[in-house]
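Both of the next two complexes hold chain A, though its partner changes from chain B to chain C.
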Partner chain A sequence: MAMVRTPLMFGRLPLGGRRLLFALALTGICLAFAFPVLWLILTSLRPESGVYYVHRGTEFTLASFAEVLQDDRLLQAFFNSALISTLATIFSLLVTVSSGYMLSRFRGPAAQTWFGTIYVFRCVPYISWVLPLYFVAQSWGIYDTYIGLLLPHIAVHICFFSWLMKGFFDGIDPSMEHAALIDGCTRWGAFIRVALPSAIPAISALAVLCWLFTWNEFLFALILTGNKVPVITVVMAQFVTEMGLRWNLMAATAVMALVPAFLLALFGQKYVIRGLRI
Partner chain B sequence: MAAIVLEKLNKHYGSLHHAVKDVDLTIADKEFVALVGPSGCGKSTTLRMIAGLEDISSGEIRIGDRVVNHLPPRDRDIAMVFQNYALYQHMSVYDNLAFGLRNKKMPESEIKAAIDRATEMLGLHELLKRKPRQLSGGQQQRVALGRCIVRNPLVFLFDEPLSNLDAKLRAQMRIEIKRLHAQLPTTSVFVTHDQVEAMTLGDRVVVMKDGRVQQAGTPLSVYGHPVNKFVAGFIGAPAMNFLDVTIAKEGDTVVAQSPAVKLAVSEASSRALEAYKGRRVIMGLRPEHLALGDGVLSRSFAAKVEVVEQLGSEILLETRVGDARVTAARVPPETVVAAGDQVRLSVQPGRLHFFDPETENVITG
Partner chain C sequence: MFGEQQRFMLFLIAPAALLLGLFQVVPIVIGANASFRDWALYNPKKTWVGLDHYKAVITDPAFLEVVLPNTFIFMILSVAGALALGLGLALLLNRPFRGQKIVQTVLMVPLMVAPVIAAIMMRWMFNDQFGIVNAVLEGLGLEGQPWLVERWSAFGIIVLTDVWLWTPWFTLLLLAGLQSLPKEPFEAAAIDGTSAWRVFSHLTLPMLQPVIVVCVVIRAIDAFRTFDIVWTLTGGGPGRSTELFSLYAYVLAFLNLDLGRGSAAAIVGGLIILVVGIGLYRLVDRVTKT
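Right, the complex of A and B next:
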C-alpha cells in the first residue's frame, strides 16, 4: 500500500475513515449549493406574513402559487421565455455547429478572421453590450419584440458556444470525414452526413446549455423588453412594488421557473456529460 | 485498372516546411508498392496527395491516363484504409460498406451483391448489423478493407493500416491483405514505418527520408543492394552494423581494416574501392551475415560478448569490437556463450557493404 498515493491530509486515516470524510465533505458542498434553493421553496410555501420567519413558523400554504397562476402576464411570460429559449437554441445551433466545425477543421484567412471576431466579442464584458443593443433595438424598431430579444441571444450563443463546439469537433477524428470524401461526398456532404451525426451528443449538450442560458438570462431581457414581451426572469423581479416586496409571490414564481430548468438539467445531464467527454 | 505516375511532386507547408521533395515514382498497374520511412519522412503526405486529401504544391499526379492534380478525392476512383479505421461510427457495418456505393446511386440489389462478395472474402457476415464500436480493432480494420473492396476502385491506398493492431493480429492482417491483393489484383500503395510490413507486402519497396525517395526496388534489391547508409540501416532487422575502416592493399588483396578488424574484400568490391585506397570508409555488416567461429583469418575478427539474447530459435549477440558495437544474429540457440566471452565473428567477403563517409552513398565500381 506504500505506493498508493493518497491526499496528504487523509493519508494517515484507514480507508473507511477516508471514505467517511470524503462523503461528509461532499454532503457539505451539496448542502451549500442546495440551501438557497431549499430556502426559496420554503419561502414560497409560507403565507405572506411568514416569509421573514421561514425558520420558525409551521404554517404552510399553496396560496402564493394560486395567486401567481391567476396572473395572465405571468403565464404569458412563461410562454415567452420558453418560446424565445427554444428559438434561440435552434437558430444559434445552426450557426454554432458549423462555425465550430470551421474553426476546428479549416485554416486560412476566413477561419482566422472569424476566430478573431468571436474572440474579441467574448472578451467584451457582457454588460457593456446592453446599452448599445438598446439603442440599436430602438432605432431598428425591434425594441420589445421577440426578434429584438432573440437576435442578441443568438449572437451571444454563437460567440460563447462556437468555442465549445470547436473543442468537440477537435475530439472527433477527421479521418472519418476523409473517408467520406473518398467515398463520394463533397466537403459539405462529409460534414452533414458523417461529422454531424458523430457530434450529436455534443450538440445535445450544447442545446441544453443554450436553452438554460436564455431561460435564465435577465439583463438583456430587462433592458430590451417592455410590457409587450414579458419574460419570466423580468416578471419575477417585478414583485418589487410600491406596496413593498412580495417575497412569497416572487418565491413561488421562482420555484415555477426552476421547474423546466431543473427537468431539462435532470434529463439532459447525461447528454451534457457525454457531450463534454468527447 | 490503372498505373499511378508521380512527377516532380512537391509539398510545402508554409515557407518553412518542405515535406515532399521532387518525388518521381511510377507505380505499375496492379503493382503493390510499399512506401516506408521513419515518421516525418513525407510518406503519408505523398499518399494523401495521391488521395486528394492534400493539395499539391507542384508536380503532377496521374492515375491511369488522367491528371488528377485538381480533382477532388471523390472523382479519383480510389479507396483508402486509414490507421484508425475511420469507420462511420453512427452507421452499421452494412451501411458503412454501402455508403460509397449509395453515393454512386447504385441500385440496392447490386449493392447487396457487392457487399455479399466482400463479406464472403473477409468473413464479415456475422458483423453486418453491428456498429463499429462493438467490433475489435482487427474486425474494424477488416470492415475498412471491405469498404474499399466493394467500391472496386482503380487504386487502393493504405495509410499505416496495421499500426493500431497488436503484433499477432498485425501478422494475420498482413497475410490477409496479401491474399486479398492476389484475389483482386489492384494497384496499391501501402504506407508504413515498419520495414517488415514493407518488405513482406510490397512487390516493390520505396524508402523515403526527409521528403525524398532514397531507393525504390524489389524487397530483395533494397535489402541486398542498399544505395546508401540510411537505406542499409533502415531495412533489415536487427539493423546493419557500421564500422569505420581504412582501405589498404596487402599484396594482391584489398583489405578493410581498423585497429580491431581486418577483413579481405571481395573482388568486385576491390575494384569499386580502388579510388579509396588509404582513405576512411564506412563498412556495413548485416547481423545475420555474421557467423560464430574461427573460419579463415582474413574473414573473421575478434569480438567481446556484452549481451546474450536467447530467442529460442536463435541467439542475438551484442558484442564490442574495438570501440564499436556489433550485433550478430542467427547464432544457433544451443551455442554455449556468455557475456564477457571472447569470440570470433566471420563474414563472407561478398556480404560486406561500403559507404562513402561524406555522401554516405554506397561505393560501387
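Right, the complex of A and C next:
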C-alpha cells in the first residue's frame, strides 16, 4: 500500500495490537459523537414515568410522538420551517450563483469592490443587523410574516455562498465559455448554457447546505416573528422553558426536527462534504 | 453609459446587491441612527442622546468584565478545542481502512444537528437530577454536580457543546487538506527513518497551515456571534455570568426594551469583530502568499 503513515501513537506495537487499538479508538470516537443523539432518541421512546431514569427500565413507547403530533402549533412550525427552508434555498441559489460567477470570471475594481463588500458583511455578527431589522420589518409591515422571515434568510447567505460559488467556478475551466462567445453565443448564453451545467454538483452542494442552515437557524425567527409564523427551532426553545420537566415530549420533538435534516444529509452526503470543503 | 461587459457584470450582482442593501445595509444604518437616540417604547419622540448609549455600554461593568471576556474566552477555547480534536481525528482517519465510510457518516451527525437541539441534548444530559452524566458519576461513587447552576461549569458545557458541533467540520476540511498533500516528502522522510513527531511538526503541520488558517478564521468569526446554544443552555445564567456578546445586545433590546442601547451594543460588537476580522484576513493573506 502506498499510504502515508502520519499517526504516531501506535508505532511500537505489533501489527495486531495496533489494529485493535485503532479499532477501539475509532469506536470510542464514533460513540462520543453519536451519543448525545442516541440518548435523545432513547429518551423520546421512554414512557412519561420512565423518562427520569432513562438508563434503567425496559418499557418503550411511541406515545410521546403521538402526543406531540397532536399539537397544532408544532405541526404548523414544522410546515413553516420546511416551507421557508425550501424557498430560501431556491432564491438564495438564484441570487448567489450569478454573483459568484461574476467574482470568478471578472477582474478589476468592480469585482474587487464587490468581493470586499462581501467579506466585510460576512464578518458582521447576525445580531448587529437583525436587531435593527426588527424596526425595519415593523415599519415595512413585514414583521411576523412569511416574507419578512424569508427575505433575511436569503440575504444572510449572499456573502458566504457568493464566496463559495466563486471558488467552485474558479475550478471550472473558462475556455469553453470563451469558445462559446467566439461561436456567437451571448455572455448570458455562455453563462447559462455552458458554465451553469458544469457547476451543477457545486450548486447541489450549496442547496443542501442552504436548506440545512435555514432549517437550523434560530436567531432570525426569534427576533423577526411573533406568534403568527412559528418555526421549529423557536418553538423548541420555548418548550425548554415552558415544559421544562416533560423531557420525553421535548426529546420526541427534537427527534422529529432532526429527521428531515438527517434524511437530506444521508442522501446528499456526497454534496454536503464537497460543500463543506469550500 | 456602460459597456456591454459592465452591464453584464452589473446584472449578475444586481439581485444579490439589492438584497444585501435592503436587509443588511439599511438595517445597519437604521440601527446606527437608533443607537444615538432614546429609542424605547415609552418615548415616542426618540430624543437624540448622542453618544450616551455607547458610553453606557463601554462603561457597563457587565459588558467589560463579563461579556467581553466571556466572548473572547469562548471564541479561543471553542476554536482551539475543535481544531485540536479535528486535527487529531483527521490524522487518525488519513489512511485506508475498512468501515471508513461508516466512521465518516457518524462524524457527519453533529453537522446536521441544529445548535438549539444540540443545546437541548446537552441540557438533558447534564440535568442535575435526572441527567445521565450525574447518573454515571453517582454510579462510580462520585457526587453529581449541579452543572448548569455554577458559572464555570455552565460555561464549560457551552464550550463543550460548541466543540461537539464543530469538530467534525474541522475533521472533514483538514482530512481533505491532508489527502491533497504531495506524497513524496513523506516517502522520503519514511526512508530516512524520521520520527513520527518530526514528520508531523516539520512536514504535515507546515504544509497544512493554509487550510488550518482559513478554517480558524471562518470559525473564529462565527464563534464570536454564537447565540443559540447559550440561549437554550443557560439563557446567559446563572445570573448573567455566561452571557456572550450577541445575548447581551439581545437582552438589552428585547428584554430590557431599550432598543437604542441594544443597537449601540450591537454596533460596538460589530466594530470589534470587524477589527478582528480584518486582522485575520491579513493573516490569511500573508500565510497563503508565502
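Following the convention adopted for this analysis, the second predicted complex is superposed on the first by the 245 of 278 C-alpha atoms of A that agree within 3 Å, B and C clash if a C-alpha of one lies under 4 Å from a C-alpha of the other, contacts with A are read in each partner's own complex, and residues count from 1 in each chain.
Everything below uses one rule, namely that a contact is a pair of C-beta atoms (placed from the backbone, for glycine too) under 8 Å apart; a residue touches a chain by one contact, two chains touch by 3 or more.
Since the model is a prediction, treat every value here as computed from it, not as a measurement.
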Touched partner set for A:96, first chain B, second chain C, both or neither: second
Touched partner set for A:251, first chain B, second chain C, both or neither: second
In the superposition, chain B vs chain C on chain A residues touched: C
Partner chain in contact with A:125 - chain B first, chain C second, else both or neither: second
Chain B versus chain C as contact partner of A:270, first or second or both or neither: neither
Chain A - residues contacting chain B, complex: 173, 175-176, 178-186, 194, 197-198, 200
Chain B residues touching chain A - in the complex, by the definition given at the top: 51-53, 72-74, 76, 78-80, 82-84, 86-90, 99-100, 103-104, 147, 151
Chain A partner contacts - residues on chain C that touch it in the complex: 4-6, 8-9, 11-13, 15-17, 19-20, 22-24, 26-28, 30-31, 34, 89, 91-92, 94-97, 99, 102-118, 120-125, 127, 129-130, 132, 135, 164, 167-169, 172-173, 176, 178, 181, 183, 186-187, 190, 196-197, 199-200, 204, 214, 221, 224-225, 227-228, 231-232, 235, 245-246, 249-250, 253-254, 259, 262-263, 266-267, 269-270, 273-274, 277, 281
Contact set on chain A toward chain C in their complex: 1-8, 11, 22, 25-26, 29-30, 33-34, 36-37, 39-40, 43, 51-55, 94-96, 98-99, 101-102, 106, 110-111, 114, 117, 119-136, 151-152, 154-156, 158-159, 162, 187-188, 191, 212, 215-216, 218-219, 222-223, 233, 236-237, 240-241, 247, 250-251, 254, 257-258, 261-262, 264-266, 269, 272-273, 276-278
